[in-house]
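Down below are the structures I want you to see.
Below, chain A partners chain B and then partners chain C, in two separate complexes.
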Partner chain A sequence: MTRFGFIRELGLLPALVVIVLAGALINNKFLTPINVVNVLANTSALALLVLGETLVLIAGKFDLSLESIVGLAPAMGLMLVLPVAARGWGIDLPVAVGLVAMLALGALVGAFNGALVVRLRLNAFIVTLAMLIILRGLLLGMTHGETLFEVPDAYLFLGAATVAGLPVSVWLTALCYVAAALFLRYHRFGRALYAIGGNAQAARAAGIRVGRVTIGAYVVAGLLAAVAGLIMCGRVGAVAANQGNGWIFNVFAAAVIGGVSLDGGKGTMFGALTGALLLNVVDNLLTLAQVETFWIQAIYGGIILLALMFSRLTNRAEQV
Partner chain B sequence: MNGAVDASGITKRFGQTLALDAVDLRVEPHASHALVGRNGAGKSTLVAVLTGLLRPDAGRIAFDGVPAPPRDDRAAWQRLVACVYQRSTIIGALSVAENLFLNRYPTGRGGAIDWRAVRRGARELLDGLEVGIDVDRAAADLSVEERQLVEIARALSFGARFIILDEPTAQLNKAAIDRLFAHVRALQAAGVTFLFISHHLEEIYEIARTVTVLRDGRCVRTGPVDAITKADLIAAMTGEDAHAVVAMPRDEGPREPLVEVRALCGNGFEDISLTVRAGEVVGIAGIGGSGKTALAETLAGLRRARAGSITLAGDALPNGGDVRARIDAGIGFVPRDRQVQGVVPALSVADNATMTIWNRLGRFGVIPPGARERSARRMMDAFGIIASGPQAPVESLSGGNQQKVLLARALASDPRLLVLIDPTAGVDVKSKEVLLDAVDAARRNGTGVLLVSDDPDDLRTCDRVIVLFEGRVTAELAAGWREHDVIAATEGMALA
Partner chain C sequence: MTGRFTRALAFAAVAFALAACGHDGHASAGTPRVGVEVPLLTSPFWQAYENALAPSARAAGIDLLAPGNANGDTAKYLTDVRNFFTAGVDGLVLSPTDTAASVTVLDEAAQMKIPVVTVDVAPDAGTVFMVVRADNRAYGTKACGFIAKHVPAGKSVVVIEGDLTSINGRERTQAFSECMLQVPHVGVLEVPAQWDALKAASGLEALLAAHRDVGGIYLEAGGVYLAPTISVLRRHGLLFPAGDPRHVVIVSNDGIPQELAAIRSGDIDATVSQPADLYAKYGMMYIKAALAGKTFTPGATTHGSRIVRLPQGMLEDELPAPLVTRANVNDPKLWGNANS
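Up next, the complex of A and B:
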């Protein structure tokens, strides 16, 4: 290890600290408790998607369709329980069934994606791109492009309720990250993801059930995307037909900035989380600085590019 | 008169190994010259030197009396010599015509590619060889025979008059071989010189006039094929001790059968039946494409069998495709080629070494870090694995140490049968000794071993050697076999 090896362990943390400090200097509202909670709450849904995507990326695959699950899963969960007058299907299922169906949809889409990629050996990029378009189309078809406003309280809990001053979604996301980090380090399926992404043929020859483990990663990612959708539903108090639209770019940006390799076999939960945080901190700063809305995207993209170059320099040959 | 090729004193060293030791090779013009030798004798290195891909440490090469061009002048080499390898150098997605004129397309006005000229040129080239291949066909659809002819045509179109054929007949049936040889003879008559590399010794008598034998990087014999008998040829390939008995029957009493393979058929092998007893090492020998690797991979669960049965200690094993199930049933496996199927390079020694027993280290699939470390340390001590620690990435280890990790991992699940494919390939002498000793220790404890290899050092540890040729068992040599019997059988040659 080089003299600067410790920088590699810290990953994005130095960059994050620098940006936070700079933010505090530039804008006195930035480090206020309200704003910090706001940033964390904003990060939680995206961070769950990044978590799921990271599992799939470590196994050497892709899932683009997660962002469509973020919209479709809660919308379907709502329409199952809402009356026709509230743009539901009028089936009037109990709220609990709606919630379970929502999660099941996410897991099923993941299982389907995984099966197509693993069993039919289709290219993950194209399969999940098609799925992204299909699911988005289903959502539009179901809702006719309209927003679902009447949300039962149970659907709001994750995104709107707070415990000890922080939204439930933040606690949940933190818990998921700790669990996933431990799982990746100390569970055989977690290690198997690295082995598969690092050398799938060798993993197979060593008795790892490559297909099953990979499909499992897709299922978990789909499930987490549904949870992220529920969080958004709670935060906004409604589900719009474009919920989650375009998120997948931020998901990939966060993962890659966080040091997750697109070639598989490399990446940590710590890196993924700092990647997601960094993106949201930057986004928050741009909003606070009252940068004209029309310019935010260009600046945001530029900062992602800079962050990538920065992480390349600190990680040297280690990256993507 | 100058030879088509005059190579003298060619020496090439890779680290510790002397791959070529002052090799002299003279190929007469318009000749057909065969180059034979066992795996690792230096044939591939010599071909790489003769085609300018490797610069020898010492020695001179001249083509037709003219010293060879500098190594980086690829175009000059292409005008002199070409090698048609077993592995295709044709781009499958492009047409035959495009392949023939790749990167040197005739152009028309404005630098645009003149496709009519490309097709016309391709047709002329193939017509010159009397080969009736449609130049618009996708190269991927060509048969092996057609692909070789296209590669020969391409080499000739560069101006090369010296062509090396690397095991050209390995994937061809008899009729295709006859057609290929007819083309070769016609080209010879037209002034082209051929150097054949072949494992099928019978063919050498059919096509070649001169033969050169390489052994351990040295040119040990060269002369007209008429003047050398098959037995002499094999003796030259194996060395002086070829007639010595290398494996004495072990005096350990009868052992009960452990593994029974009955009428097993799969991709690359047909109707294989064999028995491995507890405490016995059974060698499987054969050249590339003999089906030996596929057979071992089927036993290990990496491939499915098409028909037939495998029983282990009396229990019939369900058909394969599931390595995990085979490990649980008691089969340990060291796969072919550690880079491709063996190690996960970026993962640690500890992860790689315990991969087969992750499910045994703790409850509910949890891998307690302490247990993993201890397990890995035990293996590192037992096998003398040199690494900076269990956490070192396995890619930082030498090939020999990586191979030890793989064997340690195969033994970690306490298998009753060990399936090893080339377990000592490309490792140093010391590591080889450690690896073979570990296999022997397992054997003494009653483990049955199926060892696929063509390395004489590996095969010497075997009680019996079963030889495959073109997917079938052609010989079973009982304990006390002699090395030249193995060679003769693997090369598909019946010794009188």
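Up next, the complex of A and C:
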């Protein structure tokens, strides 16, 4: 089991290495430190979403609503502190309260999703799809479709500030991944996630509190989605009413090409991270290579397909 | 137990939804009932248009139904329009999400003798009383003209493109590229950002890192791309006010208040002001005229625009979209100034 898991972990790495080498040959700016930092910074928000989604997927569930939390949480956090003239609610709460409220909203939505799925036994796909639509609608209703331009500096810190040459968002993402990888491997809650995703009945029989652990995964995913939204807000310098729109597709794509199973019970943090990196590296390379806009999506999809085939050939582990 | 609770909840939800639907007010006799469909509400431009609808309708003596929002989805657009038929509207002011797919509902409207004015988009075929639109190709050309004049030779220009599956994104991109071909001393780099702020930020950041000679940027939609562009330039220490020799020339597109503020502060140089308020005003005016049985012919109008006959046979009132620079940024006639 552990040996098998190790091979799966390397899954995308050979493909990623080949793409990076090819990229360095195609464009001499590709491997410059500044571009590498850009790619890492651009990956951080997606990578945090993929981390959260991976936890939920390992437990054998889905969360589609993450992409809406990405927009709603920072927008609400901003509107709580902004005056009416800047399209806020004019409550003028301190910035710190806004930040806490933003994270709390993410965690609360996760808890609510988890409760509906676990306690009411509703289908996770449908519940979180409904939630995706509701939260997106709330965001549109709250902002009336307008972009929130006036962002206090504290909200920009995660996405825009740098520490020791790397953006804060990159440090944070790295930290989250290391913590999650250790947690999944060594903590009993982490191991319980795999057990639940593999066979919930057996896990319950083995004394694992299936409901509590699953809800926990949803809460962490919602919380990370709020952080990802804050990072996006910092990188863009504003929150648009369509922030995060359509992102769940990328999140699932990154997780699945990173070897996380949609059936639950399988997947690693390293795999999830390589999936998120692959998507952003290819995207960056296509922009640098100035591929004609009308063909960029076809080429993007083609490269990802090739990477999948390559990783299947370089390691025998079957993709699920 | 849980089942009964769920059923009660579902029943309450349905009852509430039905009660909410019951609020559909009825028109007083005489004033025509008009339905309006907007393609999306997540851009400041369409938001400004939606805001201007109610006062424009009041001024034209029109009973406006609650506008439908297609949210970028053509299927939703078609459903909304058919719901307007069911609601018994006298006229429709539509902004189709897709030039081709709108033809079916236009034919249905023609059969029911419901006149249609389209705003911002000229359908490929069908019966339309008037197309109210600004010339999107002119946006791209105007931006290119400004950049050609102000970006020094040997520099390159980044264009942050809209979604190329939308007619407005396509026309701006094509017109800009064609015009830039006539400016051989400036190279063009493209960012396909699909109206997404984060895509704009990552694409621009990649190009700035790779090309040290970027001297100009064209944003096809300031409403979405302004904030990420300023934020990326600031982060990379490239944001210098107009007049500084290191300044990157930025031309935006939309004319929202934040762009006008950025022109005043010197962060950006120009924007093409899309006439959001005029779209609403003349959309309402033309639908009222259609219901009153008036007709129009090609030629100059009394409100400073031109009516032209499109190749597919319908008439289009091409509203002016002025280029706003430091010289005219305080013009009170700009909708971005009226808003703030």
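Assume the second predicted complex is superposed on the first by the 293 of 320 C-alpha atoms of A that agree within 3 Å, B and C clash if a C-alpha of one lies under 4 Å from a C-alpha of the other, contacts with A are read in each partner's own complex, and residues count from 1 in each chain.
Just so it is clear, a contact is a pair of C-beta atoms (placed from the backbone, for glycine too) under 8 Å apart; a residue touches a chain by one contact, two chains touch by 3 or more.
Predicted model, so just to flag it, every value in this text is computed and none were measured.
If you put the two complexes together on chain A, you find that chain B and chain C both fit without a clash. Judged by the touch definition given at the top, the superposed model places A:Ala203 against chain B, while chain C stays out of reach.
Of the two partner chains, chain C is the only one that A:Asn35 touches; chain B does not reach it. In the superposed pair of complexes, A:Asp92 makes contact with neither chain B nor chain C. Taking chain A as the reference, the larger set of touched residues comes from C, when chain B and chain C are compared. In the superposition on chain A, A:Asp153 makes contact with neither chain B nor chain C. Look at A:Met232: by the touch rule set out above, it reaches chain C but stays clear of chain B.
By the touch criterion stated above, A:Tyr194 is placed in contact with chain B alone, chain C being left untouched. In the superposition on chain A, A:Asp263 makes contact with neither chain B nor chain C.
Of all Cα pairs spanning chain B and chain C in the superposition, the closest are 14 Å apart. Taken together, the two structures place no residue of chain A in contact with chain B in one case and with chain C in the other. Those residues of chain A that touch chain C in the shared complex are 27, 29-30, 32, 34-35, 38-39, 41-42, 45, 119-121, 140, 144-147, 149, 160, 232, 235-238, 240-243, 245-246, 280, 283-284, 287-288, 290, 293-294, 296. For chain C in complex with chain A, the residues that touch the partner chain are 2, 6, 40-44, 46-47, 50, 161, 164, 173, 189-192, 195-198, 201-203, 205-207, 209-211, 223-224, 227-228, 230-231, 234-235, 258. Interface of chain A with chain B (complex): residues 185-189, 191-192, 194-195, 198-199, 201-209, 265-266.
Interface residues of chain B facing chain A in the complex, by the touch rule stated above, are 300, 302, 322-324, 326-327, 333, 335, 340-347, 351, 355-356, 358-359, 361, 365-369, 409.
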